């Protein structure tokens, strides 16, 4: 049970930091609304519903990238990686905690983004909302793994999109097509993968 | 092969691309080995000065 | 040293079979012969990525630096063969349908995604300084790649349902005659041998590089 306690403690730390700094979430909110606005201007008249839905997913993926890029920066800048690695917790707990924290930010951004999308474009249906929820899990699972990698390198803001976007293509397909079973499959496969390999990723990331 | 039809340009292009790529790769490796040999010669000189 | 000789022999045999033995396809005509290079190259590319992932797994198990180098070289070869897949596939599309790209060709789209993914592998390696951190991350990323291959393929197949691209007559060989099969198999073997040859040479080159660097540090 200490595993879950560790996860809780780490996740709470991230959430509290954000509550105090108020940097990541407002940026994500502003970004997603701006993106949706740009998409409105980018779409010619009479665009189909499917096309508009596609843009929702583009907006979500890039907003998530924003949040993910910020996710490990605090640890990096304040040298907390070494401290984290020294704590007697299972390394995968760090992944789980970080994923949950980013998930919280992403969900908070979507609480605003989805109604905005429904208002700007056409309505939402329950299937799309379910798809967004499932996709979020995959996004944070994979994004946290790659975020830890990106942050160990030099051009970290550039590197994370390069690593993340190809892997996110199946998520977008599952989302736009509404293939909930596929999203669940993706989530299961890559969550297990990330959970199992995370300790290697931050092993020597000093 | 019966009479060569006009699509042969595309087939030739495809095979040529592969051939040229392998050739280019061989050229790059050859240049690399030249450089490595040069560096090796320098180091042999240095070792001789030492020993 | 017999590997390069074997490769050359295999290629000679393959080209001979492709152009003098295999019959012209009834539906697609002469341009179908691109298939005998394009598909083996694609399959070899998968083999490269698979080999790279296998070496990555070996690295994570044994922490042997040589495995990391082998994984890197294999993936490098994979990207080269992958680029060739895209180029030959594009030429084939142009020959068959008059367009340089088709989103309805699942194999081609998959290769685009994998090409992006594995190019990012090199971005990752350039971005991190050499050392255990880079080797660990590269290995995990290489393994992620092979898991991504079937998932992406499934996604691309699903996406065809709602993208509704212009569907051309399929390239997929419906019923291959014995002659076609033989030509294909020999070509496939030739490509795999080519990979093995290039892989060994590149690996040897990189190892010599590393030794020279070490020597220089000792002597200066």
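Note that the chains take the letters A, B and C in the order they are written out, and that residue 1 is the start of every chain.
Following the convention adopted for this analysis, a contact is a pair of C-beta atoms (placed from the backbone, for glycine too) under 8 Å apart; a residue touches a chain by one contact, two chains touch by 3 or more.
Note that the structure is predicted; figures quoted are calculated from it, not measured.
Farthest chain from chain A (centres taken as the mean of C-alpha atoms): B. Relative to the whole-protein C-alpha centroid, the nearest chain centroid is that of C. A separation of 44 Å divides the Cα centre of chain A from that of chain B. The centroid of the Cα atoms in chain A and the matching centroid in chain C are 31 Å apart.
Distance between chain centres (mean CA atoms), chain B to chain C: 19 Å. Multi-chain contact residues, meaning those touching two or more other chains, do not occur anywhere in chain A. Not a single residue position of chain B touches two or more of the other chains. Across the complex, chain C meets chain B through its residues 15, 19-20, 24, 29-31, 33-34, 37-38, 41, 80, 84, 87-88, 91-92, 94-95, 194, 198, 201-202, 205, 208-209, 212, 215-216, 219-220. The touching residues of chain C, when paired with chain A in their complex, are 60, 113-114, 116-117, 119-120, 123-124, 127-128, 131-133, 136-137, 139-141, 143-144, 147-148, 151-152, 154-156, 158-159, 161-162.
Within the complex, the chain A residues that touch chain C are 50, 145, 149-150, 152-156, 158-159, 162-163, 165-167, 169-170, 173-174, 176-177, 179, 182, 185-186, 189-190, 193, 197, 200-201, 203-206. Of all the residues in chain B, the ones that touch chain C in their complex are 1-2, 4-5, 7-8, 10-11, 13-15, 17-18, 21-22, 25, 29, 32-33, 36, 39-40, 43, 46-47, 50.
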